[in-house]
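A, B, C and D are the chain letters, set down in written order, and residue numbers restart from 1 in every chain.
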Amino acid sequence: MKCMMNTSLLTCILMVVMTVTLSCTKPESQPLKVGVAGPHSGDLASYGLPSVKAAELVINETNDKGGILGRRIELLIEDDVCKPELATNTATKLVSQSVHIVLGHICSGATKAALGIYKDSNVPVISPSATNPDLTQSGDYPNFFRTIASDDAQAKLEVDFALDVLKLKKIAVLHDKGDYGKGLAEFVKGFIENSGRAELVLYEGITPGAVDYSAVVQKINLSGADAVIFGGYHPEASKIVMLMRKKKMDTIFISDDGVKDITFIKIAGEYAEGVYATGPKDVSMNPLAVKANEAHKKTYGSDPGAFFLNAYAAAQALLNAIEKSGSTDYAKVTHALRTEYVETPLGKIRFDDKGDAIGVGFSMFQVKHGRYVEIN
Amino acid sequence: MRTILEINKLSMDFGGLRALDNFDLKMNEGEIVALIGPNGAGKTTLFNCATGIYAPSGGDIFLSPEPDRKIRINSLKPNIITGKGMIRTFQNIRLFPNMTVLENVMIGRHCRTSSGILGAILRNDSTRKEESGIVDHSYKILEKIGLNHFVSELARNLPYGAQKKLEIARALATEPFLLLLDEPAAGLNARETKELDTLIAQIRDEEKISILLIEHDMKLVMSISDRIVVMDYGRKIAEGPPDEIRINPVVIKAYLGEEFVA
Amino acid sequence: MLNVSEMKKSLLVSIWFMFLTFPIMVIRVNPIEKIVEWRWGNMFLVGIGSFILSFIWRYFIRQKESGLKKVEMGEKIIPFFEKLRSGDSIYLRSLCMTLSCAAAVFPFVFSTYQTTIMTTVLMYVVLGLGLNIVVGLAGLLDLGYVAFYAVGAYSYALLNYHFGLGFWTVLPLGAVLGAFFGILLGFPVLRLRGDYLAIVTLGFGEIIRLVLENWNEFSFGPSGIANIPRPSFLGIQFSLQQATVYQYFLTIGLALCTIFVVNRLQDSRIGRAWIALREDETACQAMGVDKVRTKLRAFALGATWAGMVGVMFAAKTTFINPASFTFIESALILSIVVLGGMGSVPGVVIGACILILLPEYLRAFTEFRMLLFGAILVLMMVFRPQGIISNVRRTYELKGVPGRTLRD
Amino acid sequence: MEYFLQLLLGGLTRGSIYALIALGYTMVYGIIELINFAHGEIYMIGAFTALIMSSVLTLYGFNEVSIIVLSSLIALIYSSAYGFTVEKIAYKPLRGAPRLSPLISAIGMSIFLQNYVLLAQTSDFLPFPTLIPEFNFMKNYEHVFGSTELVIVVTTVLVMILLTILIKFTKIGRAMRATAQDKKMAMLVGINVNKIISVTFIIGSVMAAIGGILIASHIGQINFYIGFIAGIKAFTAAVLGGIGSIPGAVLGGFVLGWTESFATGYVSSDYEDVFAFALLVLILIFRPEGILGKSSSQKV
């Protein structure tokens, strides 16, 4: 009983102390905290690390110019390994460190898990890569924005292209059973079935990392599909394309942003020729994109990785919103994100009410002579 | 004198090897019977069949725990057979090495007690009573066997002789009416063997437990057993009181070879 | 110590490691750009590092072999916990008091983040204790334990989604479903022993995950289920911070309950049967223990806790997808049990603290965290394979028996 | 019919890879009863070394044949060196420890090696050069069974035959069998048990590296994570065939490869792994010692 009394007394004292410390207003000169969250270790690290580099580049540049609103910017980099349960820890940690805005997370699942925490703490979040439609369309997360098109938009583009431009009649849809790939494939399947203009001859998931895909490739062959629409990332895509071509199949291969990566062409080599993939509008002529890529090369000595430009644009949009709104207040910043255009490597963008970017155009690309060429 | 164990035409094949061949055996209440025979004669296999570790290829085993009740125990699970009142020890000691001596014996009480998960968690009156009953009973057995100064020692730390005794104690905790001992004297020194001799007699006389034992120590066998059964190549080659067996030419031949038969 | 032969040995080790790490550490190729980068500095570092480490390694190996076993942890903790076990009331009471006070004020002293982490640790304590029943006590190597965890998490998410059932309703349901799946798995694998059992349970865990991943109509596939409500208290909705604290105390409650139950179980008739089964299956059965029932009980009880923690997990993260229930998760829980010391309750608690907190606080070395995690597992096993706290068998009160606490 | 044949041969190719890795598992398990979780990582390191070496050699202008031979050879040497070292560090000090300890140590080693390669090299997928020379083989049926597949299957069979000869007919093979049966006895009759265990790890690692090189050139890309999945599958294959048995591992590999191939071909690749594991569970329930494993009757 005595112990109980002591405990509660101690608790009371501590709570008072806490309240006092917490309510102390912080001086404005404190740095602006930008969280960067995503997978930085584990098997998906290659999708998360480029965002860290993008954030570092943008923020170093801004800090070199004297920061923003007279405040320096501090990066808080946290790993979530793309796991929902770790993402909630990551988010809580960032929130505990009173982060102002967050660039991340990378995977849709991790993003969903983390968003609830950011929402309760009024932290705006911009993801460079989480494409799950629910994130914006459900209306559950008013604090969420993204610089990448959602799955359904991409799926629509793929299906329209297949039906209207290529006039295909038999389509096989494959996915990698992942969050992103399967989500996309579900939409593709739905659009094809609704159109009534083409037949869905195959709908299957493949196991990423499996040692061999020849069985599923044979199955595509047997199904007599004119084209394969694949939802997933480039490692599996290149394996399937290479196998199909080695087996002398000339089935058209259409895929998504996860495949519209230069690595895909480098790995698949000659076999990549003719492959279609959707992706953000060609920005290679965009001077900002050129600049960002060069900065990456200069600083890190290599070409940027996946979602680098999306992350770069997201970082710029975040800083722009803070600058334009003149504060870190949640309402003002989100309002600014929705109203103020910003020049980014992806073009001039702002966000709509749901949080999707306006101005990030999507188009279809095809591999020609070892390069992705935009199809108009 | 009623029959408590009846084995009829028991056979056991391992692939092509016939380890038991139409083996018959009867045991009466209160008897100490020794099972002898050269290595590989099928003695341990018989134990394994009787206690349900192996399923015999043919024949029947009947157990009669009380008058007018005869149960066929072929291929019953070992734990069921133990529950019926027949228990065995092992040739190469099979204690629970990382449990204390007391706990080893307490395992023997498992089949005579019944508290379940809920009882264990709630530790209600009946469970507590049962628990303390288990402890007391087990301790009494250890006292009787003379292992009470080892109660809290881990079984693996016991000297060899004590481990052998502990096996017997553990078996006794299951309240058997028939105890099968597999080479209880193997590896014991003369003094320990002497103690074992007394112990076995004591178990029979005080606990009213009949005993079937496999043993190579002839001195021990001759001194304690009421009847000896000799096995060779899975068959019974002789049976009778010790004095008869001692001079039985068939037995001598099996043990020592042709040339020793006078 | 530092004589010539020792130096020579270490030099050899260092040369060997320089050779060994040469292609991976020194050369980095970019086959796409056709660039080869030579990093001779790394070779130098490996050489120096392995030279020094080999001395330390041999020192500890000698320590271990000479039977002194003066690994610090062991020396300090074991006697301490033995005192606890033997019911030394001063130690017990003071420790409990300190711990409970610390636990009670923790969320008010530390940040929400720290509280979340502690909640996670406590969940793994419960998972570890649950698996401890199966692996530590009954000796059945289960590599698919995470399946039951998934069952719990999905039962809350789905029952809430379809029928709007609340946390408190599903918590016992999760436990029951966990137990049910435990028995379901238990039945076919009863005959298997050792490593066969391990691989089948691994397969079972994978099957559950794959079904969740592929069966969209049932589980919403890889995109998972979002907006799972946090636990409520008499219908009051909490803010994030309050909910975190609330969950923290809930998990403490569950953990205490688990410790209580596991402690009672392992000192009961059933617990003894489990340990005996682990020690010698044949002898155990011959002594009258029903193998099938005992094993099934272990599986079911172990899975029960996983089911409950699963429900808690879903309520904590508010989002679940199959990616959280991979084999690595099972391996992590198993590591907690083995690292802590199989069959030992305080061991599991400490194991969970180390294995969950370590990667979390090693975030500073984000990149190296998993590397260190792997290395620590290996080192721990090499230098203290019985775990941090080896299990101590209970001694019994016997009236008027002197010297009853003899032990090794 | 052609479709069936395609699946059959596809399964054979896939099974060969499983078999090559499974051989390492089964040998190690046979000798020290340890599931060597780090074995998949050895396979990955073998493939990585081959990639690094071939890139370097290409850069220095070696001709094609010497690149293939040299980089494969170096990869085999290195992976066996890794296998050897892993055993010395993570398993040897654990002889006689509780049974689960080496298993945890192995899991730790596996995590360590994955991250070691991740940190020292890259997390990205890297294109792997075609180290298996392509040649004309049944030109008109190339889409059914190409030269690469042929090389993979033939190599596996050859390796299995060589290994069987090694174990059945050589001195070291006899010593290995003796050690597997009874370590204490083997030691008593003068076998250097530690050496035999090291040799086992080295041979197992060589198999894994062969598998790694073959599959990497077949698939055309690698990253640090390939070892984990292949490792689990191969271990499944080893258990399926009867762990400890060399032909069992190969047969298990083939059965697993076929199961996956036919499950994909005739049902759906969604449940490819479910079929594989379900088969494993079924086989173990009805034949707990695996397809070719010897049933060990317990001694009492």
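Everything that follows uses one rule, which is that contacts are C-beta pairs under 8 Å (C-beta built on N, C-alpha and C of every residue); 3 or more make two chains touch, one makes a residue touch a chain.
In this text the structure is predicted, and so the values were computed from the model without any measurement.
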Can you tell me how the remaining chains group up by touch if chain A is left out?
-> one piece
Interface with the most contact pairs, given as the two chains involved | C-D
Argmin over chains of |mean CA - global mean CA| returns C
Distance-wise, how many Å sit between the C-alpha centres of chain A and chain B, to the nearest whole number?
-> 71
Mind checking the centre-to-centre distance between chain A and chain D? Centres are C-alpha means, answer in whole Å.
-> 36
Approximately how many whole Å separate the CA-defined centres of chain A and chain C?
-> 33
Separation of the C-alpha centres, chain B versus chain D, in whole Å, is 48
In chain A, what residues contact two or more other chains?
-> 41, 177, 205, 263, 266-267
Sequence positions of chain C contacting 2 or more other chains = 30, 32, 214, 282, 367, 370
Mind pulling the residue numbers of chain D that touch at least two other chains?
-> 115, 122, 126-127, 270, 273, 300
How about chain C: which of its residues touch chain A in the complex?
-> 30, 32-33, 97, 100-101, 104-105, 108-109, 111-114, 116-117, 120, 213-214, 216, 221-224, 226-227, 239-240, 244, 313, 316-321, 323-324, 360, 363, 366-367, 369-370
Residue ranges of chain A in contact with chain D within the complex | 41, 43, 45-46, 49, 177, 204-207, 209-212, 214-216, 218-219, 221-222, 234-235, 238-239, 242, 246-249, 263, 266-269, 305
Would you pull the chain D residues touching chain A in the complex into a rising list?
-> 3, 6-7, 10-11, 13-14, 17-18, 115, 118, 122-127, 142-143, 146, 148, 215, 218-221, 223-226, 228-230, 233, 260-262, 264-265, 268-270, 272-273
Taking the complex as given, what residues does chain C use to touch chain D?
-> 16, 19-21, 23-25, 27-32, 34, 36, 42, 61, 64, 135, 141, 188-189, 191-196, 198-200, 202-204, 206-207, 210-211, 214, 282, 327, 331, 334-335, 338-339, 342, 367-368, 370-371, 373-378, 380-383, 385-386
Residues of chain B that touch chain C when the two form their complex = 51, 53, 77-79, 82-83, 87-88, 90, 94-100, 102-103, 106-113, 115-117, 119-121, 123, 127, 130-131, 134-135, 139, 148-154, 157, 170-171, 174
